[in-house]
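Common to both upcoming complexes is chain A, partnered first by chain B, then by chain C.
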Partner chain A sequence: MLDLIVIGAGLTGLIAAHTAARAGKQVKIVTKGLGATHWHAGSIDVLGYYPNSATPVQRPLETVRDLTRARPQHPYAILDGTLSDALKNFVALAQELGLPYAGAANDGDNLWLPSPVGAARPTFLAPRAQLAGDLRRPEPMLIVGLRGMRDFYPELIAENLNKQGHRARAAFLPLDLITERHDSNTVHLASALDDPARRMKLAAELKKIFQPGERIGLPAILGLDAHAVALDDLQAQVGAPIFEIPTLPPSVPGVRLTNALRHRLRQLGVRVEINADVIGFHAEKDRVLWIESDASGRPLKHRAEKFLLATGGILGGGINSDHTGKVWEVVFNLPLTTPHDRGEWFRARFFDPAGHPIFRAGVPVNREFQPVDANGGRVYENIWAAGNILAHTDPILERSLEGIAIATGMATARSACNLKP
Partner chain B sequence: MHTASWHSVGMTLDECIKCNVCTTYCPVAAVTDKFPGPKYVGPQAQRFRECGQIKSPDISVDYCSACRVCNEVCPSGVKIAEINARAKAQIVADRGIPIRNWFFGRNEQLGRIGSIAPQIANLGFHNPFSRLMAEKIMGVARHAPIPHWSTEGSFRKWFFRTPRLKSDKKVVYFHGCSTNYYEPQVGKAAVAVLEHLGYEVIVPPQNCCGLPMLNNGEFRAGEKLYRDNLAKLLPYADKGLPIVGTSVSCVLVLREEASEMLDIENDQTRRFRSALWDMSEWLRDLLDQGKLDTNFRELKMIVPYHVSCQARAHRMGRPSLDVMTLIPGLDVREGNAKCCGLAGTYGYKAEKYDIAMEIGEEAFRFIRAQGDDVKFTTSDSEICRWQLEHGTHKDCRAPIEIFAAAYGLYDLDRRRLLVER
Partner chain C sequence: MKRIETEILVIGGGATGTGIAWDAALRGFRVLLVEKRDLTHGTTGRYHGLLHSGGRYVVKDPHSAAECIAENRILRKTHMHCIEDTGGFFVVTPEDDNEYPDQFYAACARLEIPCEEISVAAALKREPLMNPEARRVFVVPDGAADSFQATHSTAQAARQAGAQILNYHEVVQLLVEGGEGDRRVVGARVRDVARGEDVEIRARMTINAAGAWSGVVAKTAGVRVDVIPGKGTMLAVNHRIINTVLNRCKMPDDGDIIVPIHTVSVLGTTDERVEDPEHLTIEPWEVELLLREGEKLIPGVSRTRFVRAWAGVRPLYQEHYNGASRDATRDLTLLDHKTRDGVAGFLTILGGKWTTFRLMAQVTMDKACEYLGTCKSCVTAQTVVPGVEQGHYWLGHRLREVEEHHLQSELVCECELVTRAMLENAARNNPTLTLDDLRRDVRLGMGPCQGGFCTYRAAGILHQVKSQNEKGKSEEPARWEVAYMQSPAHNQRSAISDQPSAVGGQPSAVSGQQSQFANPNLLLRDFLQERWKGLLPILWGRQLKQERLDELIYLALMNADHLPDENATSPMSEFYARIAFSGQLSANSDQHSAFSEEPISRER
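Then we have the complex of A and B:
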């Protein structure tokens, strides 16, 4: 019998499974598909904006302390001070996996990195390849695109950066420097740059167009499996700091992180059951005995001692809704915090700083991250919930998605498996 | 709660969130420009195919190998491969079917004709000149691993020639055309295992499952085969007998693919579906009930296991692996490759042979990486077995042959039963 089944293979699920498996537990992941990590910028947001405030957060860990005092139901408050240790554990894990992460030079500050359209986005930790893009650094930027590559427009990025007072200019190189193919997505391009010969060609051209003192921003395609080598190699050959700007999905920094985590999970003997859409479960009294996933012949039963729900919120598919205003949690039909009236789901303005109430819909939990009902009573004795499905937060708006994913993923796996922090 | 399987295929395209995860994992898009990827030919192009329009807007969908990797990874449950299959059928309806694909659809007839005089048929077909002519005239790839007709006679001939065990416990066996004409050893191993477990094996009249026709867009002909099988086998299902198959692809077609693609879900198809089992899945079910004889003898060897795309499409977990891990001494190593490349009849087509071999490289590389003393590999699909043997020059055995060997009934080297009844 398995100790733990994690439902969902986003960052939360992968981290939770890793935490339990590393401690020697028998773990399996059951997931409908591969998801959120593929449109993930690769960076770790902890807190970019305080709820309902348009002012960006300078020092997230300090502001989180205010947040937990003001909102005792927020997942960060339930974590009870374990957030910064969780982040340290993540940095150590990423280092082991060969994908080093770091934060701002002034320890504890948010980084400011350019988005795929040249907006500034606050984030706490970034893959090494994104660090030189920090907008608080003074060097001017050369943003280089590849003509023919989809969804990456250096002029747009440079223009938007200029508008915000950052010096940047744009340049194009031909796509056939790195691929013979006419139509490639970012993952194919990244894997083409695993090849040293192609990198050499790219480096030679970059050398011709960059001016001394500039740093170079490229789409995040600098290698897939050989990323670390690819980055060092390019910087050395060009002789300038190079940074990656994450792209529209598929986002390679997110794919690298997913691949690395899945590889580690395989080494730890964790099976990832993909295309397993959970369609039912069986409970006796308040104990879940198994879950069932859809299959070609008959539902497939998955038994375990404990279950950890990491299916994501409305956007991740862990919560569904219909036109009548019904909103439900898709696996265990757990109680949710939801606006009562469908008319209250959205505010009038798309970018309203207060966000849309529907995105706060989530699973309320107790101090152990176990789902509770409206009276605060635990629903099942062997279920935990983590990540974006948790109530009382809007992680997209707060820019707290990965912080919550990592810290609650680790905390719930520990709580479920009785592990010491 | 939702039952994804019965979800109308067309409806699922509205669930597409354009995340490109499918394009990232599609093995064909990864290696050729001729195929823009699942998102584009699937949910996107489908918008232009609706409304009873006859001409398909694109023909690149013909390069889809039907491996279903896209379905597997899609986080939104879009039935991309089925959308593509229907689009291919539309092209066939519009333009007619190439003669070659017509032949591929008639695997069963070819099997029957060739097995009248297999030595002559093998000689006639499997010589460099005929293969060259077949490529020039019909576009059948010259080097592709087209199977040889079995020279020991068909499976059915053997089955009805030899005395069989009688028992109260009965199982119906679906062998499929490949086992009957090309790999009768697989059927013999299956019968030996079932009888060893005390079951009387019933082999009713049956015909080709229809997979090659469905894959080549010949829906009408495929439907006829499906309905014939339904008529022949449903009476057994209604008597409560399990119908067990050793070819994962046939079982998949009978259980789900045909009725779903052809839109003929009804009470009969559902009764049929719930009686059908993949052999390993059925053995695993016995195991779960504590009824499987696990008295296996030691098989000391490393066996790389390629999970065929059709086995994955069942969404039934890894039953072959679950049972193989019970065999003492056997070191089964699950590969990670998405597809062997052959995908039904795909890699047999001259214009697609190179693509198929490039796709297969991931699987071949995995097998080579397991060391030189690997003698056998294993995979649930005959198609995969032929392709893996072609790509690695190592013998590939069906899991059921390995089980039979572990029960002491079968010689894996010489591919024959140790004891004939």
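Then we have the complex of A and C:
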């Protein structure tokens, strides 16, 4: 019998499975897809904006303390102080995986990284390849695009950076330095740069256009499997600090992180069953005995002692809804916090600073991260919930998506498997 | 103030006004058309997409039906490339009256509308998702028509015949001269919206083709025109779940047609009298009604994914009418204000349908000719517009060109197969102030992701073109044909015609001179808001998930809600920001007052 089945293979599910497997537990992941990590920037947002404030958060771990006091049901509040340890664990893990992450030079500050439109993006930890982009650094930036690449616009980025007082200029190199394909996306480009010969061509061109003292921003395509080598190699050949700017999905930094974690899970003997849509479950009294998945039309039962729900809310497909205003949790039909009426789901402005109420729909949990009902009673004794499916937060609006994913992924796995922090 | 002299001034750049400019120019008149926003901003760009065979009106309104079938035959030739020859079914569902189908069939025969009854089994073979419980099915020559493409092609034909077309030019005041008993309209004062200047236009004849806004325009000359504004709502399914137009075979009512057009299928419509034609509110009951009625034609349709809702307003007219807009006549009405109100030099054209726009233009210009003292006859029925050599539109045309020419990595919008060159050329050659104008030109952002990916790319590309223009590095504006703006292959070659560029000095989002609107941050914000407006009424299920991904992209990845120039606005910003779905929250209300975050129990 398995100790734990994790449902969902986004960052939350991968981290949770890793935490349990590393402690020697028998773990399996059952999942429909790979979650949102490869859609996002690959960095770890902890808290970028305090609810209803337009000013970016300077020191997220400190501001999280205010947040947990003001909102005792927020997932960070339930974590009860384990957030910063979780982040330290993550940094150590990433180091082991050969994909090192770090924070701002001034420990505890948010980084300000240039976004693909040239806005300053507050994030707490970033892959090594993004760090030289920190907008607190004084060196002027040269943003280099590849002519014809549809997901990267260096002139736009440079113009917006300049408008915000960061010196930047734009330049283009030909796309065929890297690929001859007619249908290339960012992942193809990254994997083309795993090839040292292509990197050499790119480095030679970069050397011609950069001016001493500049740091160079490129789209995040600097290698896929050989990323670490690719980055060192390019910086050495060009002789300037180089940083990646994440692009539209598929986002290469997100893909790298997912790949690295899955690789580690394989080493730990954790199976990841993809394409397995969980369509039912069986419970006796308040104990779930098995879940049932549908993979290419073949129903399969999965049994375990415990189940960890990491299906990622509306974005991940863990919460569904219909035109009548019904909103439901798709695996266990757990109670949800949600606006009562479809007329209350949205605000008039897409960019409303208060966000859209429907995106706060989530599974309410007790202090152990076990789903509860309206009276606060535990629904099932052997179910835990983590990540983006949790109630009382809008992690995309707060820019807390990965912070919540990592910290609650670790905390729930520990709680479910009775592990010591 | 700048002054322009012309013979004929046309107000309104919908199907009707553009048709009039075309007709007038072909008859040899000097004609100027002004449209307050982009061409087809009005009802023409918000309609159902059906080229009527007349079947819908045969029993209720035979006169309209006769006009429809006649025009249907003509438009299939003059505007062939704007029409997909889908054919249409009239389906008798178990809900429908048993008498009506025979009346319908007989009336079609009387009006010579080709109509053939086929077996339900044969119909199901062609449209497998159609209600299998249907009792009878009739086939008629309905079609699907792209009003954006048709209006642009008509406008191009008009330009080629010498007409001048100015969009983002709004009539603020008709100019009236003379005293009691001898009043005449001599033109209009017009606001150049992009430049913020007024222009005085003098004309011998002023034609009001402002559709549902006609009353507002006429009022500035002291003339009363009571339009019956009948709002209709439509919903788009994210697929071509059908390839034939499906009509219920019964008296026309709400929600009884589904039209396959381009990549989607559209359920419609409702019909409700409204006050304000500009800011239309889609009511939750309309969405529910369309889903409920849609189920009767295609069981299960309410569980498919919807990508958008929109509403348009019918410019119906009936002198001294007080009833429901559904029952108002679909006939066209030409108001001769000289005989009606004692105001010469001024005509208003109302009513009708998209299908009859050419006829409306003809009737209007026949009357105008009487007053202008020339009797040149109408030739539009025998004249094709540019682009017809492409043949009928068919769903795979873009895909074929993209594949044949290996344009995959050129795609800016994967949903609608819009290439970079299509976008660049349209922005250079059509007056463009917002990305929404480009949507109407090339269908940018009209597919399932509703701008999720292409908004960013389009803003980036326009910015790039603008930077090149500013550096003076602009290549010679491509020789480019408006009628081919939807063709990936044509745009890649960027020239097959010697027609002059269409812009005629009008500002655009890529010309540096209009840099206040050419701001990429503004373009991006405006378009995201515009898409949001049409999404609100149908956001649930998978489309809601898609929207959350778009949030991930624009908030978490881009931080686009914290870009510079937060206060910049375009002439359209206010329009996009107006609430389109009633029952939704006001802006900026406190996060917690909105709903209780207490868990609600679910039955298990």
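Please note the rule applied: the second predicted complex is superposed on the first by the 417 of 421 C-alpha atoms of A that agree within 3 Å, B and C clash if a C-alpha of one lies under 4 Å from a C-alpha of the other, contacts with A are read in each partner's own complex, and residues count from 1 in each chain.
What we mean here is this: contacts are C-beta pairs under 8 Å (C-beta built on N, C-alpha and C of every residue); 3 or more make two chains touch, one makes a residue touch a chain.
Small disclaimer: the values here were computed from a predicted structure and weren't measured.
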Which of chain B and chain C A:P250 touches, first, second, both or neither: first
First (chain B), second (chain C), both or neither touched by A:H38: first
Contacts of A:R399 with chain B and chain C, given as first, second, both or neither: second
Touched partner set for A:K420, first chain B, second chain C, both or neither: neither
First (chain B), second (chain C), both or neither touched by A:N333: both
First, second, both or neither for A:S293, with chain B first and chain C second: first
First, second, both or neither for A:K285, with chain B first and chain C second: neither
Partner chain(s) touched by A:H182 [first = chain B, second = chain C, both, neither]: both
Which partner, chain B or chain C, touches more chain A residues: C
Chain B versus chain C as contact partner of A:K208, first or second or both or neither: neither
Intersection of chain A interface sets (partners chain B, chain C): 36, 39, 181-183, 249, 317, 320, 333
In the complex with chain A, residue positions of chain C that touch it: 284, 287-288, 291, 302-303, 406-412, 420, 453, 456-457, 459-461, 463-464, 467, 520-521, 524-525, 528-529, 531-532, 536, 538-541, 544-545, 548-549, 551-565, 577, 579, 581-591, 594-602, 604
Parts of chain A lying in touch with chain B, wherever the complex brings them together: 32-36, 38-39, 181-183, 185, 187-188, 249-250, 255, 266, 271, 273-277, 279-280, 293-298, 300, 316-317, 320, 330, 333
Complex interface listing, chain B residues touching chain A: 1-5, 18-21, 23-25, 29-30, 33, 36-37, 71-77, 251-252, 255-256, 273-274, 276-278, 281, 312-318, 336
Interface residues, chain A side, partner chain C - complex: 36, 39-41, 45, 48, 51-52, 54, 56, 73, 115-122, 148, 150-153, 155-156, 159-160, 163-164, 181-184, 246, 248-249, 251, 313-315, 317, 320-323, 325, 328, 333-355, 357-360, 364, 372-374, 391-392, 396-397, 399, 401
